[in-house]
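Okay, got some structures for you below.
Shared between the two complexes below is chain A, which has chain B as its partner in the first and chain C in the second.
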Partner chain A sequence: MIMEKLKLNIKIFFEGAYLSYVGLFRWLSPSTYLATLIFSPLTQMLFFVLIGTYAQGTDKAYFYVIGNALMNAAMSGIYGVTMSIGGDRWDGTLPYLFGAPANRMTVFLGRAFMHILNGMIGVLTGLLWGWLLFHIDYSAANPWALLLTILVTTFSTSGLGLLMGCIGLITRNVMFVNNTVYFVLLVFSGANLDLATLPSWMRIVSNYLPLTRGIASARLIIAGHSLTEVLPLLIEEFGIGLFFALLGYSLFRWFEITAKKRGTLEVF
Partner chain B sequence: MSAIEVINLQREFQTTIGVFNRKKKIVPAVKGISFEIAGGELFGLLGPNGAGKTTSVKMLTTLLIPTGGTAKILGLDIVNDAEAVRPRIGFIFGGERGLYWRLNATDNLRYFASLYYLDPAVSKKRIPYLLEMVGLTDRADEKVEGYSRGMRQRLHIARALLHDPEVLFLDEPTMGLDPVGARELRQTVRNLQDEKKTILLTTHYMFEADALCQRVAVINKGEIVAMDTPSKLKDSVNDLSVVEIEVFGIPPETVEKIKTLSMVENVSVEDRDQLQLLLVHTSKGAEAIPLLISELNGLKLGKVTTREPTLEDAYVRLVGGE
Partner chain C sequence: MTAWQRIKANLRVVFMAFEIELRQSFTDAFVLFGIIVQPTIVAFMALWMLKDQVANYAIFVVVGSAMTGLWTTLLFQGGNSITGERWTGTLEPLSCAPAPLRAVVSGKLLANITQSLLSLICCYTFISLIMGLPLTIANPGLFAGSIVLTVVAFIAFGLIIGSLFILNPDVQRFQNGLEFVVYIFSGFLFPIALLPMWTTPFSYILTPYWAARALHAASSGTGSDGEIYFCWAMLIVFSILYAIVSKFLFKSILRKAREDATLNMQ
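Then we have the complex of A and B:
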């Protein structure tokens, strides 16, 4: 009985994951999607690497390449997940979603899953561009440790995305909020700035954000450090992601209960 | 045990009015309604705009918490046992929203099937069956975005039936459909009733309620003002007859004047291209015609007829036509 329930919940999870992906696909069309996947990691990276190396010298290119490659995790984590959760509001499907018996946690997490895969592909593409254009040398990196870092980082940014998605259920201006969050990550995560040079209050903010430790860990691994050395960073990064995801889930539940009390399920 | 049991169900909404000087205002949408629906019965909730039909259906489908009263579906409380109620009911709200527009019909149904914990082996057969039933098989691979309103409405029906629920709530299922589409949909509803489903249907259309429902509750301003079989409701206006007069360019003052006549209970005017149709409810029948014609003195008249009251006339009497 419990096994049966579990099996059906796994089904909901993957159907949700698959369909939010198909939804995305249909929207972009496969060729646009592919182009986005390949070229969008390039534009932002090119911009920051060129400015950064102009100011700091070409031997710093690796710093910007790694930082901006990992920013792709934030891109799909935040925008992708927000769109697939907030989309229910636009489609008017919330009454049908909240009128169904489905386990809310499964529905909720299923929406994030594909964007984790997507984010990982984005990060890897970014690193690939770094190798092609700026000849970044990854030979010292332990590939499994690097993959784990990418996975954990995409998970944690998607956790933040889940929270943002729920905010998208409540406010109309979620894209504005998302842009702000993305910008905050761009500045505070250390993607393009050496955190050690930041004022202490900014470093405190960095400490509570996803991505910061993921980027630090990726830089260490590519510089030849071992998995055990970065493991504490990864555990913390995972913890932060989990924290945001749980916060998002609580907000999701709160939204459902309040909407049913106040009658605001379809109010814009 | 009745399939649906509603006891003094109430719902108020709090809204704010004004921009600067915001004030809270309480809107009573449903003011304590009670009724029972037997298993397998097709029950109609009939009422004008804003009567509280959708609000009632939302409460019964666990989407809105009542502010008073209770209701049970198949013996389960809609608030305390909401989770047990959900898998046993299906519902649609009129209109075309509520589907994933970027997905095709099959994918939409697949997702909703998973939300109802349908066994994949079952949904594999059920989805094509339902698509066939609502006539969407040929277009099942197209994005819902490109569907017409009627197609979306039919997809909603398929969605509501995925888990083969015992109780169905259909809130204005024919809203926005063309006459042929509406007729087909009514046939679908009849077929569902043949499958012994309990159905609560809301509508504005008397003839729809008359044609489909075994019993009808007329709801107005959040209260049930009458509840009976369509034929008994018609009986309640047996003392009335309706005089219909075609008239060209009737001034509003004349309509007001006719309303004040003692033998006249209700007057309404329907626009028909060049002319208007004056509908007069009266207890006097054909005897009223000479007096009415004298009131219309000087106006060009067309056909003048009397007829038996319909359910629509009963409805107008009950909700007191504006």
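Then we have the complex of A and C:
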């Protein structure tokens, strides 16, 4: 019985992950996919790397390349996951979802799965651009440690995305919230600014956000540090992601219960 | 109808479209993001990154960040000015109305650009009051003149973008990426000399480049009056050129709507 339940939940998880992803991109052509996941992150990275190198010289390009490559995790984690969850409301499928007996945790977390993979591809592409355009040297990096860092960072940003997606269920201005959070991360995560130079209150805020430790860890690994040295950072990054995902899940459940009680499931 | 009467009638259409667009877009939180939140955050980051590295960096950042707000608004609001009509199902009635479509879209673009000038005020206030940095505009007269020409040039550019996006949805798919491309090619926050030489012609054909150059020169006093007048001349030349090109694009839009009836097909 337990085995059957487990099998069913795994099936729901992967089916939900796949279908929500297909639902998000099905109507898009490959050119849209490339424009969204390759072209757009590249131009954003170029912009900040060029400002950075204008101010501090080309020697510092690696700092901005790594920071902005990791930001691609947030792009996928925040926008993609939010659209996957919030999309149910816009497309009118929320009543079916909440009417189904499927395990909510499985359905909820499944929404992030494909975007974690997507985010990882985005980060790797960003790093590749850094190598091609700015000749960033990754030879000192332990590839497995770097891969683990990317995985943990995409997971943590997707955790934040799950929370944002739930906020998308209770607000009409989801794009405003999403974009603001994304840009706040650009400042507070240390992608473009050296956190040590920021005012102390900003450093405190950045400590509670995903990405901060992921970016720091990626910079250390690329500089030649070992996995053991960055492991504490990665554990904390994972913990932050888990916290946001669970917070999002609680909100998701609260929304379902309240909306069912009040009959406000599709009220905008 | 005399030429004067036609101008008066068109101006009325422009101002009506201006008013309606302004009322509509002020309730859109995404527009407020583009005008207020994004330029302010970009200003903060640029300020921190360029601190003590560039002469007159504070006013340079104010102008550069505000330009990002102007362009983002033009790209997303102006770019969707015709496509938005398609989404709401009003494009066909609009294209069959006796009022010229170009006048309607110009009014909408004027509203978007006027609104986005708020980003200049936001960045100025943020850097001056919150960050406490002294800001002086070296040449206020030329700066004001540059702003007026920037608005005109951006409307002309918006006519091209809006019509291209509806005629070719493939171009619109790159809308998000185009945001930063123009930030880069127009040298909003760093000189285009940092870019490879082959990209320079792309900068030269973009009115945001000439607008940014005129505004930076007038605000920080780094350019001569002659350089600013040259930028003005380029803004005027390209605005006329864009207006001519947009005339053909709008003709094609109207033909697709009226004769082919294929405008709604993507």
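We adopt the following convention: the second predicted complex is superposed on the first by the 266 of 268 C-alpha atoms of A that agree within 3 Å, B and C clash if a C-alpha of one lies under 4 Å from a C-alpha of the other, contacts with A are read in each partner's own complex, and residues count from 1 in each chain.
Here is the rule we go by: a residue touches a chain if its C-beta (ideal position, glycine included) is under 8 Å from a C-beta of that chain, and two chains touch if they have at least 3 such contacts.
Computed from a predicted model, the values in this text were never measured in an experiment.
In the superposed model, A:Q56 makes contact with chain C only, not with chain B.
Contact with chain C, but none with chain B, is seen for A:L46 once the two complexes are overlaid on the shared chain. In the superposition on chain A, A:P199 contacts neither chain B nor chain C.
Residue contacts after overlaying the shared chain place A:P143 against neither chain B nor chain C.
No residue of chain A is contacted both by chain B in one complex and by chain C in the other.
Chain B meets chain A in the complex at residues 11, 13-14, 55, 58, 61-65, 83, 86-87, 91, 93, 97-103, 107, 110-112, 114-117, 119-120, 143, 159.
Interface residues of chain A, counted against chain B in their complex, comprise 5, 8, 11-12, 15-16, 19, 22-24, 26-27, 87, 91-93, 95-102, 107, 260-263, 265. Every residue of chain A that touches chain C in the complex is listed here, in rising order: 28-29, 31-32, 35-36, 39-40, 42-44, 46-48, 50-56, 172-173, 175-176, 179-180, 183-184, 186-187, 192-193, 197-198.
Looking at the complex, you find that chain C touches chain A at residues 29-30, 32-33, 37-38, 41, 44-46, 48-51, 53-54, 170, 173-174, 176-181, 183-184, 189-191, 194-195.
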